[in-house]
Amino acid sequence: MTTTRVTVGPSDIADPRLAERGRRRTDWAERQMPVLRQVRERFARERPLDGLCLGVSLHITTETAVLLRTLQAAGAELALCASNPLSTRDDVCAHLVRDHHLAVYARYAEDVDTYRRHVDQVLAHQPRVVMDDGADLIAVLHERPASGPALLGALEETTAGVRRVRALAAEGLLRFPAVAVNDTPTKRLFDNRYGTGQNTIDGILRATNALLAGKVAVVAGYGWVGRGIALRLRGMGAQVIVTEIAPIPALEALMEGYRVLPMAEAAAEADLVVTATGGLAILGREHFAALKDGVILCNSGHFDVEIDVRALREAALGRESLRDGVEEFLLPTGQRVYLLGQGRLVGQAVAEASPAAVMDMSFAAQALATEWLVRESAGLRPAVYELPAALDAEIARLKLAALGVRLDALSPRQVAYAASWREGT
Amino acid sequence: MTTTRVTVGPSDIADPRLAERGRRRTDWAERQMPVLRQVRERFARERPLDGLCLGVSLHITTETAVLLRTLQAAGAELALCASNPLSTRDDVCAHLVRDHHLAVYARYAEDVDTYRRHVDQVLAHQPRVVMDDGADLIAVLHERPASGPALLGALEETTAGVRRVRALAAEGLLRFPAVAVNDTPTKRLFDNRYGTGQNTIDGILRATNALLAGKVAVVAGYGWVGRGIALRLRGMGAQVIVTEIAPIPALEALMEGYRVLPMAEAAAEADLVVTATGGLAILGREHFAALKDGVILCNSGHFDVEIDVRALREAALGRESLRDGVEEFLLPTGQRVYLLGQGRLVGQAVAEASPAAVMDMSFAAQALATEWLVRESAGLRPAVYELPAALDAEIARLKLAALGVRLDALSPRQVAYAASWREGT
Amino acid sequence: MTTTRVTVGPSDIADPRLAERGRRRTDWAERQMPVLRQVRERFARERPLDGLCLGVSLHITTETAVLLRTLQAAGAELALCASNPLSTRDDVCAHLVRDHHLAVYARYAEDVDTYRRHVDQVLAHQPRVVMDDGADLIAVLHERPASGPALLGALEETTAGVRRVRALAAEGLLRFPAVAVNDTPTKRLFDNRYGTGQNTIDGILRATNALLAGKVAVVAGYGWVGRGIALRLRGMGAQVIVTEIAPIPALEALMEGYRVLPMAEAAAEADLVVTATGGLAILGREHFAALKDGVILCNSGHFDVEIDVRALREAALGRESLRDGVEEFLLPTGQRVYLLGQGRLVGQAVAEASPAAVMDMSFAAQALATEWLVRESAGLRPAVYELPAALDAEIARLKLAALGVRLDALSPRQVAYAASWREGT
Amino acid sequence: MTTTRVTVGPSDIADPRLAERGRRRTDWAERQMPVLRQVRERFARERPLDGLCLGVSLHITTETAVLLRTLQAAGAELALCASNPLSTRDDVCAHLVRDHHLAVYARYAEDVDTYRRHVDQVLAHQPRVVMDDGADLIAVLHERPASGPALLGALEETTAGVRRVRALAAEGLLRFPAVAVNDTPTKRLFDNRYGTGQNTIDGILRATNALLAGKVAVVAGYGWVGRGIALRLRGMGAQVIVTEIAPIPALEALMEGYRVLPMAEAAAEADLVVTATGGLAILGREHFAALKDGVILCNSGHFDVEIDVRALREAALGRESLRDGVEEFLLPTGQRVYLLGQGRLVGQAVAEASPAAVMDMSFAAQALATEWLVRESAGLRPAVYELPAALDAEIARLKLAALGVRLDALSPRQVAYAASWREGT
């Protein structure tokens, strides 16, 4: 199959009648995304993507729809497929087709063949730029180069996708510039810490309706995600214990007033365990016997291997689903253990992932990175680029402006002092 | 219609096939209710209600089912109707019938006639004690005195019901002793502060998925409920402003580091307003023009009059439902305002009311009050009784024991010192 | 000796040359006491104590001087002696004589005979009202009744003094009305919680310069004082453990996220122990062996018996003073233990007692109670009176006004609703 | 003058009789410095500096004495002068001479000629390594090269000294390797944040005894120092406002629940202003008119220019010293403003600088850097070296070990997973 065999066709979506619901929900998300709104207003005036065809593969959520509205306002022509069949919201697809006339090729829970056909249908639009989430579009473009006009470049949202693109570059195969949108400070500081911090609480409450106040909560890992979770659990009245493998974060946790224990001891005190390490089997078979009866286990790391769910299933004498998102395991040692969301990211599996206010910044990075790529494309090589620090600061500045927060500015005298501080002692 | 025309009949529930789901969900609630579990174990040994017929009118939730299991273990025979047709969970009813053989007369969303017939069916069991929530059973027993054996007394769970019972007593009409379970310290300190504090956060997150960190959140009222909400909002990263009418709570709020402002000024800074005053029109027509575009309004007070919803509806140029529990109002001054849960208690309307861990204490008070009433009934007059302070402390003690928390005890020498401290200076 | 033998004489103070220093320090305290300043402004206009002779026995500190300025502005003539020879600040005495022409009879560290003579010299002024701190003036007035005009009454500041006055009343001996200024809500809520909470931190830092962040700090007792200390220790980054004997406060501590342990276990984890119980030997001989090497012990309760200092001295193999306020004890089990301020109230022994901002409210209660006593004296009997709740609220209101904090007021419609809320359900 | 004219002479200190006091106070500091104690134990076994002559110029405090004990245990011969005449504690000097037989050339408040002679006396020992604080020893060694054996290298503690050394290196003049001990993560994360955070509170309390609870406190700058101060002020009950010039820290402050305002607005609300920016005139002439009557101003930045003290003195109609460390300025607009510690670092000017527990880590870095420099000297060039990251982590690890805190370690399976995570999606 070659891309020439795919013609630009009409959208392929599940149910056009859902458009109104999708519109309303997207409007709500947009209310929480003032940075993108500001970017859109400027884009609408300046039209930096005027006439540019943009091929997009993203999780099709209400927040993504707000990003697409922004790119369209900049003048882009958009063709859209899903980056994961299970995250597609059909109402959003319907809204994007009815109200924005986008070319949308996505259905919730589509099969693999359909998913691949939809990727091809997006590429048949011969986009000049692709926006990717997991690098599937980028990979296809390297396997079966398009016959149309040369790509200006690509943007990649995820860690995993950036890794694939870097691998391409390392082997000398990368055919166009690619921007690693994934790893900007505003994303890590805000999405990981405050976004996941909150949605972890949200997931635990929706799954269990358990009282957090007074609970002994063990947070495994004191990276940005772990810090956010520990902070919010304490904020809800829990007594937080941190486990770590690295001494400097462990010492920081201690100075913040948390207890720091090895997991073998922490597990024995826990009413709640949340893993957030990026590692494997953080709560594993060797800890099961020590767990208290009634302990709640959940994970906020990317993969579902932090709690060793397989070992838990093997060890359990019985399992029972008590509530949506809550599964009881009866251990041979007699305790009942409650696993939330099957050990998957609890804030996404049980709640609604990061709040729009946080995606606002991540997607503003996408929008500004697209503008930057198009404007600078003449000078770029086939290589992986970081988002310029100035754009990152600009996103924070727009967020503050949207929130009505004003900063101080240095006077000329203060600027001079700052430049000459070495003279100070 | 007289009670003599109602015979003791089979249960009247919606769908017996829901029993297994109800059993599982009740089991989950019971996991969070260790005080009731401890009470039940003792009740099972001591059987303090052996053979006693108990007529019960409560919200039929999983937590209530755990209370009923406890009373049954004490030897009581139970007949159950709903205290509100809309709070009845049909799966819980089915579970109580299938697994506990209770006489249950309740269906979700039953009409008023059915509701009244169900009350009569409970009373047809000729209960010796009634457990009430809103005083509907008690009222019927005063309108149409039963022909059977004399009541030992009644227990009342709510503020509103206690008011009705006190009114009966004041007019000299009360026919039996009644215990005001409603107003014990453990209930106020824990349910109001920590229970409602958490379920307000839960309700806001479920309704909006909005990021709380960085939001300016106005909490109207710094009573126990307001304190809990302010504490948890701060714990989620919000910047909290308190409004008050009383100087001492206002000064306490200030000393805790909150800003304290009149509502007219607070409303102009708010990204979120939560009312918790027990009063009327705390956020009213006079504040609408000052509100920021995008502000979220919700209520955690008992009645839905704290935010003047009627005035909001009248003032709005348009309304739109954007998400479940989120209604947008377009004000004549151009702002969009988001009302959660129609201005009703947001933690109940949108989330799941107080966590089982908190109801554990409120319902333990019910169970111990029932035991106390039966044991002491010979000496009681037709009057309103408070729960003895020793029982209240006992509930806290059982909760601590259940949580594995141990206290210090005074030595004889310390007891002597405490008794003679007045000699100290 | 009779009071007639004591003539009204000139002030007896240590060093008039200290007046300027006393004036400055008192001015500083007055800056932090806006309620008293407001009271003084009104008193200066209304002169409610015009010509009244007031005999005063108080700790002679800068804050007391601000109270005396206030009473003088009201028109009172003041005669002053100390309530404790060791708390007298000679610079303040000098200031009060030089700048305010008060009759002052007090010298730092005066001997007992001088102290008694000074009491008599105050009474020789034939005061119509006495303001007492420990009830020494009141006691003398009962032992040797004055020959002059009848007393309108007395005011008593301390717990210990109120106890003595109540004992007089109980035996039917009390000769005039007495106001128990000691025990108003504003005093307990603010002085005990926020005042002692802060000055305990201050005392520990001054004594040790130890880093609180990361320390395991045990707070014995979760009353108002213990709550304030636990809150501030956590605020400085410590990991707080609470010990308690009563279940309801223990449960509250737990819900606030503190660990709750018996002292025997808490002592073994402590880097710092602070006692705040009002009890005896809270940290006693039976805990010594469990203490960690290097643990810091201090007390914030009224008497120096909460840490069993005598037992510690007996047990220790050696003692050494390492810093002002820090004494090292070498235990037979090898640990070194550090006792702050000899086990006396650490915030007073090592720091400067409660901040003026808190004494502002306690002393405003004194001033308003004096005005109330004089105004109402015709209707008062020889009995112990509580400060009327309205005056207590008024103090909080004045404090808020001084801080520029405004409250909401109920509209007539809201007042009506509040009165009729019982109709609500 | 050349170094050959200075002979190695006896110590030159102020008063040998102070030795016992110095010993005691140093013992106290050592109690708080477990990392250095652990380093010393290893050094005593391994003697890594055996026979090495070390020339030291540091602030001569009790913490420094603990460092010197550590270096001596490693086998070093030590010659000591002061890095600043005003920070020299004569009791510590006397202790080091009496009990450790160090060559000490330092007297409190010595004049400049004496200070210089003391530097020369240290260099007359012909040290192989110099440990410097401000680069005065290093500078002399470049102006008047020593005639003795070649230096192995130098260690520099401060930002200002590192700047001078880097300037030497940039001009190609640096004659030996130099380690920039100043800028390790453990120092910045812990000393700046938790050390200065606490000592700022300590300085404010000692100067003012003002109640922090309820105060509106403005923290200028949200770097590590500002974060620590904001956190601790909030912990003491203050209502914190942050001012910033950079958007990302401003947004972080907001997400932590602080208000963020420009200084012009913040100053008008402040009861307390603390500057921590490293900049110039952060609170300057343009803000004076807006200040509230009674505002307290202080600085925690390195230089005393953050509050424009000169402008304040010029603007004031009058000045008065009210308490040690508190100066009142009367502004032409009528407000009284209170400046603490003359606008110098309040935690050092009024309190006791960073706690020993924090200097423990900074000085452990000095000790380990010295060992590293000596061991690696054969392979080092005349250049500026950073402390290896592994040594930094080692310090954190030793601190944790000293505190009895244990971490988890990865299993071989977990190590393999971590290395291969890129395969994960």
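Which chain is which? They are A, B, C and D, in the order written, and residues in each are numbered from 1.
Assume a residue touches a chain if its C-beta (ideal position, glycine included) is under 8 Å from a C-beta of that chain, and two chains touch if they have at least 3 such contacts.
If you're wondering where the values come from, they're calculated on a predicted model, not measured in any experiment.
Engineer: Hey, which one of B-C, A-B or B-D is the same interface as C-D, over half the contact pairs lining up?
Structural biologist: The chain pair with the recurring interface is A-B.
Engineer: Could you compare the number of C-beta pairs in contact for A-D with that for A-C and name the larger?
Structural biologist: Spelling it out, more C-beta pairs touch across A-D than across the other pair.
Engineer: Could you tell me the distance, in whole angstrom, between the mean C-alpha positions of subunit A and subunit D?
Structural biologist: Here the centre of subunit D sits 40 Å away from the centre of subunit A.
Engineer: Where the CA atoms of subunit A average out and where those of subunit C average out, how many Å apart are those spots?
Structural biologist: For subunit A versus subunit C, the centre distance works out to 55 Å.
Engineer: In subunit C, which residues are in touch with two or more of the other chains?
Structural biologist: In subunit C, 194, 213-214, 234, 237, 251, 254-255, 403 touch at least two other chains.
Engineer: What residues of subunit B sit close enough to touch subunit A in their complex?
Structural biologist: 24-25, 27-28, 31-32, 194-195, 197-198, 201-202, 205-206, 208-214, 231-232, 234-237, 294, 320-323, 326, 328, 336, 338, 351-352, 355-358, 403
Engineer: Could you pull out which subunit A residues touch subunit D in their complex?
Structural biologist: Where subunit A meets subunit D, its residues are 134, 160, 163, 185-186, 189-190, 193-194, 243-248, 250-252, 254-255, 260-263, 278-281, 302-303, 305, 392-393, 396-397, 399-400, 403, 405-411, 413-414, 417-418, 421-422, 424-425.
Engineer: Could you pull out which subunit A residues touch subunit C in their complex?
Structural biologist: Interface residues on subunit A, with respect to subunit C: 213-214, 234, 237-240, 251, 254-259.
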